[in-house]
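Below, chain A partners chain B and then partners chain C, in two separate complexes.
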Partner chain A sequence: MGPFNWLLTFPSALTIDTGPIVDDAVASLSRAWAPLFSLMGNALLGFVNSIQSVVDIIPWWVMLGIVFALGWRLTRRASRGAAYAFMLLIVGILGLWELMYITLGLVISSVLISLAIGLPIGILASGSRRAESLIKPALDAMQTMPTFVYLIPAVMFFGLGKVPGVIATTIYAVPPVIRLTSHGIRQVDKEVVEAALSFGSTRAQVLFKVQIPLALPTIMAGINQTLMMAMAMVVTCAMIGVKGLGYEVIVGINRLEIGRGLKSGIAIVIMAVLLDRLTQGWFSAGDKLKEKDE
Partner chain B sequence: MRNDIKILIVLALSISLMSSAGCIGGNLAKNEKPVIVFAEQGWDSVRFHDAVAMFIVENAFGYGVEEVGGSTSVTYAALLSGEVDVFMEMWTDNLAFYDADVADGKIIELGTNFDDNAQGLYVPRYVIEGDAARGIEPLAPGLESVSDLRGLKSVFKDAETPGKGRIYGAIPGWQVDEIVYRKYMLYGLADDYCYFSPGSDAALAAAFASAYEKGEPIVGYYWEPTWLMGKYDFILLKDAPYDPELFMEGGCEFPAVPCTICVSTKTPGKAPDVVEFLKKYRTSSEITSKALAYIADNRATTEDAAKWFLREYEYVWSGWLEEKQIKAVKAAL
Partner chain C sequence: MNTPMISTRGLTKVFGYSPQAAVKLLREGMDKDAVFRKLGSAVGVYDVSLDIERGRTFVIIGLSGSGKSTLVRLMNLLLRPTCGSLLFEGEDIVGLKGNDLIDYRRNKVSMVFQGFGLMGHRDVLGNVCYGLEVKGVRKDKRIDRAMEMIGLVGLSGWEHQPISSLSGGMKQRVGLARALANDPEVLLMDEPFSALDPIVRRDMQFELLGIQKKVKKTMVFITHDINEAFKLGDRVAIMKDAKVVRIGSPEEILSDPGDEYIEQFVRDIDRSKVLLARNVMITPASLVKIGDGPNVALKEMKSNSISSVFVIGDNMDLVGIVTLDSAMKARAANLSLTEIIENDIIVTDPDTPIADLIPIAARAKFPIAVLDPTRRLLGIVTKAAVLSSLT
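Entry: the complex of A and B
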C-alpha cells in the first residue's frame, strides 16, 4: 500500500467530527427554549388527552357494535361485519382491551395531526414544482432516518411520554399522505382542469371542486397508509414511555416472556387489520356510490 | 472517451479487488486462533469492560475478537447457544433465571467483575441543596430518604397527570423494576405519584440528562456505574438497611449486585487461556465510573478509555496476566 494508502482508505484528513457540535446545539437549545417547548408540549398533551377521553367514553359493547355496523355497511355483508367484531372481541379476551384503547387514542391523535400537516403540504406540493423539489428529499429523509435518532432529541425537548411519542409518530407517518395527495392532484386529467378554467372557475374552485374530488381515491389511499405507518410506530413509542400495547411487547421481549409479547403482538395486528379494512372499505364504498351516480 | 472511462473503471475495480484480497489474506494469516465473541448489551460500562478485555485478548493471547450488540435478553440467548462467548458484566439480579442456568451448567460463571455498585431512587443534588452558581433554589431541602418523598408531589410534577408527581421507574422487564414498583406501593407513594415507566434505558438517560441540564427537579430509578452518574451530581435517596427478608417487597435499600463474568459452555474448549485470564479479571464500580467519565469528558471512544485504563491502572490488571503477556499488552499500547 504505502504512498497510495489514501486511494484505498478514505483519508482521515478529510473527516470532520460533527457529533459534538450537534450534541451541544441540542443541549443548549433544550435549555434556552425550555419554556417554549413545555408550552408546545402542554398544548399537544391537551389535544392527545382530549382525544383519549373521547375514545375512553365508548363502552366495549358499543365499540364492537360500531365495528360490526361499519363492517356490514362498507362491505355490504353482515358476515364480514361479524368477523370484524369477533376479531376485536379477541383483543378483549386476551385481556388487552384497555391497553388497546390507549394505543387507539394515540394513533388517532397522531393521524389527525399528520392530516392537519400533510394535506395542506400535499396540496402545496402539487401546485408548485419548486415546493415539490424541496419537500421530496425531506420526506425521503423522514421515512429512512432511524427513529431513535430523532426520538431521543424529542425526549430532550419534551420529556418522556405521550408528547414525544406523538411527535415521532407524526414524523414517521406524515410522508404518505403528503406524497399521495400531491400525486393524486397532479394526475387529474389536464383537460378536465382546462375545461373548468374555461368555464370561468377560479383557481380555488378548480382545486376544491374539481382536482381534490377527482384525486380523492388517491388521497384516501395516502390517509390509509399514514394510519398503517402510525400503527407501525406503536412499539417504538413504547421505548420512550408511551403506554399501551407496544409497552406490553417491550416488557415481554425484555423478559423473554414470548407468550406475553405474542399476545400483544396479535392485538396490534388485529387493530391494524381492522383499521386498514374499515378505512379502505370506506373509500371503496365511496367509489361504489359514485359509480351508482354515474 | 468511452473507452477511457471503461479502462478507468476496470483499473479502479482491480485495485480495490486486489487490496481487499490482500486484507482477507492478511486476516486469515493473523487469525489462526478462533474469534472470541463479546456481548455488548447496550450500556457503556459493559462496552468499556469489553474494550479492555478485547484489547488484552487480542494483543496478549492473539485471538480474533468481535463485539456483538443486542438487548440483554437477546445476547443472553446467544450466550446460552454459544454464539456469544463472553459476558463481561452480568447483572445477576436482572435475569430471573440466571442462578438456575448457572446451577444447570448452561452457562459458566467465572468470577465477579465488580460488586460495589449502587442503585435506587436518585435526585439531582440541587433539588436538596440548591445551586447558587446556576441560580437554582433548593426545592426540597429536607429530602433525605425515599419515605421523605411523601408530600413532595408538587416538586416532582407529572405533566401528563395533573395533581400528581412522577417517579421514573426502572426499565420494563428488568427485575429491579418490580422491586422499585413494590417499594413505591409499600412506602405509600402511590397516592401522590405516578409510577412512570421510561420504556428504555436510552429514554431514561435522556430524561435524567435533560432535566439536569435545564435544572429541573426529577426523581427516579438509576444505577451506578454509569456515565450519567459520573458526569452529573445526583444523590441516592437513603432507605432502610438491606435485609434479605424485606428486599423483594421493596422494604429496604438495594444491596450491591454482583456483576459477574460469564462464558458459554463452548468457550473453555475454544480458548482455555482466555478463560483463565477472565477468571482473574476484577475491577470496581469506582474504576468503571472513572473510565465512563473519561469517555464523557473527552468524547473518547471505548478503545481510548480501555487504553487509558491500561496506562493508569497497571497495578490492577498486571495481576491478571503472566509476565510475557503483560509485555505484549504494554508493547501494543
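Entry: the complex of A and C
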C-alpha cells in the first residue's frame, strides 16, 4: 500500500462523526422545548380527535349511501355508484369497519393539515422565483428522505401515537400539493394574467379571480396525489403505534397471521381506490358542471 | 385642448441586465444587435417620440421583434420604461405606482390582446364584466353595461356561452367588448386581428371602423399587416429594430416612402385601397366654356390631340362634355355648344379610393371627372391613371 494509500480510499482524517452531534441536539432540543412540543402535540391531537369524532358520527349505512350517491353523480352511472358502495361493504364484511373509520379520520386530518400548509406555500412559490428556489430543494429532500429518518425524531418530540403519525404523514404527503399548486398557477396563460393586470386588478384580484380558478384542475390533481400519498403512509405510521388498518397489517406480519394481514391489506386498497376515484371524479365533474351552470 | 392623449419623448425600454449601460451604448450610436452581443441586454424600444391625438387611430406597424408590442405595453405600464418620458393628457405617468397605477388602468386605458387573453373559467358575460368587477361597480350596473357592449360587438344571445365554444373572431369580439366596457379614454390594441383568418380579419376591421364611429375612442393599434395599418390608421408609425423610423398619414408615407426599408414595407400594400381619386387626378389639358362655340372646342381638341373636352360654366362648375364627332357635326349644321353637350359623364368625389374606380374606369367612355360638393371641377382621372396607379 505505502504512503499513497489516501489517494485510493477516502482518508479517515477528513470524516466527522456527525451522528452523535445530531443525537445530542435532538435529545437536548426535545428536553429543552418539551413544554412547547407537548402544547403543539396536544393542539394537534385535539384537531385529529375532533375530525375523528365527526367521521365517527356517520352511521355505516349512511356512509354506504354517500359513496353510492357520489359515485352515481360523478360518473353519471348508477351501476358505478353501486359498485363503489359494494366495495366499501366488503370492508365491513371483513370486520374492519371501525378500524377503517380510524384510518379515514387520520388520513383526512393529515390531508387537511397538508392543504393548510401546502396551498399557501404553493401560491407563494408560484409568485416569487426566490421563494421557489428555496422551496424546491426542500420538497426534493422531503420526497426522497426515507420516512423512518423523520419518523423517529417525531416520536422523540411527541411520543408514540397519532400526533407523530399525522406529522410524518404531512411531511410525506405535502409536496405534491405544493408543487402542483405552484405549477398550475405558473402555467396560466401569461396573456390572461396580463389582461387581468391591464384592467387594473390588484395582486389579490389577479390571484383569486384569475390565476387560482384557471389553475384549479392542476391544484385538484395535486390534492388528489396528496391524498394518495397520505394513504400510502398508513402502514408506516402503524409502526409508531398509530391504530387503524395499518396496525392490523403490522400485527398480522409480526404474528405471521397471513389472513389477518391480507384482510387489512385489501381494506386499505379498497379505501385508496375509492378515495382516488371519488376525488378525481369530483374535480372533473365539477368542471363540467360549472361550465354548464355559467 | 390640443394636448395629445399620449405623448412620448425618448421612450426607451431595455430588458435584462444593466439597462442603463445599454442606454449609454445606444446613445453612442451602437445598434440593438451589437448591444445584445456586448451586454446581453435586449433593447425593446429605443428613443421613441410620438404624439397620439385624441379621438384618432394611431397605428404602429413593424415586423415581429421590432418592438411594437413592447411599446404598447409601456403605454399601460405593463412594462416600465427604462428612460424617457410618457405623458398621458400632459401628465407624466412613468412613476405611477400602487393605487394610482391601478386607477389609471381601470379608468384610462384598456387593452385588447393578440391571443385574446380571455378567461376560460368565465362565460362571455363574465369576461366582459371583468374590468368593471375589479373596479367595484355594482353587479346590476356592470351587467347592464356589459350587455350593452356585447350588443355593440354583435354577440347578443351569446352572453352565457363558455369561451371555449366561440370561434376566433367571436373571441376577439369578446376581447373588444371587455375593453370597451370600462369606457376607457384609450384603447390599446396589440395585434388584435393577427390570429384571425383573412376573411374574418376583414370583417373585424370593417366592424371596428363602425364601432369606432360610434364610440370615438383614441386607439393605438398594433399590426404587422400594412394593408390593415393603412386602412385603419389616421397616423401610422413604422418601427424597425426598436426605433420608430417614420411617422405620417398613410398618404404621406405612400407617396413619399423616403427610405428603402419603408419602400419595401409599403410595396406589399394594395395601393388601390389607400390611393384616392385626388392622388391620381390630373388637371385637364384643355377646357371650354359654355359660351364658346364649336370652333373653339374643335381647336382645343385638335391642338391637344384629344377626342373630347369638358365644358364648364362660369364658376368652374361642370356642365358636360363635347366629343370631336359631335363638334364637327355642330360646325356643319351651325349649332351651338349647348345643343351637342353630352351629360353621361361619370363623376366622383376626391376621397373615393381608386379601388372603387377601377370597375367604373374600365367601362367609362370619357375620363372620370372629380368634383367637389358644389360640382366644381377639380380634375380628371383617366383610365390610364387608374391602371398605372396600381403598379
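Rule of thumb we're sticking to: the second predicted complex is superposed on the first by the 287 of 294 C-alpha atoms of A that agree within 3 Å, B and C clash if a C-alpha of one lies under 4 Å from a C-alpha of the other, contacts with A are read in each partner's own complex, and residues count from 1 in each chain.
Just so we're on the same page, a residue touches a chain if its C-beta (ideal position, glycine included) is under 8 Å from a C-beta of that chain, and two chains touch if they have at least 3 such contacts.
This is a predicted model, so every value here is computed, not measured.
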Which term applies to chain B and chain C once both are placed on chain A by superposition, clash or fit? fit
A:Leu7 in the overlay: touching chain B, chain C, both, or neither? Say first, second, both or neither. first
So, A:Val210: does it touch chain B (first), chain C (second), both, or neither? second
Thinking of the overlay built on chain A, is A:Leu197 touched by chain B (first), by chain C (second), by both, or by neither? second
Between chain B and chain C, more extensive residue contact with chain A: B
Between chain B (first) and chain C (second), which, if any, makes contact with A:Phe148: first, second, both or neither? first
What is the contact status of A:Ile253 with respect to chain B (first) and chain C (second): first, second, both, or neither? first
Could you look at A:Gly241 and tell me whether it touches chain B, chain C, both or neither (first, second, both, neither)? first
Arrangement angle, chain B at one end, chain C at the other, chain A at the vertex (C-alpha, nearest 10°): 150
Name the contact category of A:Arg77: first (chain B only), second (chain C only), both, or neither. neither
With chain A overlaid, the minimum CA to CA distance between chain B and chain C in angstrom is 26
Identify the overlap between the chain B-contacting and the chain C-contacting residues of chain A. none
Residue numbers of chain A touching chain B in their complex, please. 1, 7-8, 19-20, 27, 30-31, 34, 38, 41-42, 45, 49, 148, 151-152, 155-157, 159-163, 238-243, 247, 250-256
State the interface residues of chain C toward chain A in the complex, per the touch definition above. 73, 76, 78, 101-107, 109-111, 113-123, 126, 130-131, 133-135, 160, 162, 164, 178, 182, 188
Which positions of chain B touch chain A when the two form their complex? 15-16, 19, 71-73, 76-77, 96, 159-160, 168, 171-174, 196-200, 202-204, 206-207, 209-211, 213-214, 216, 299
Within their complex, state which residues of chain A touch chain C. 189, 191-192, 194-202, 205, 209-210, 213-214, 216, 290-291, 294
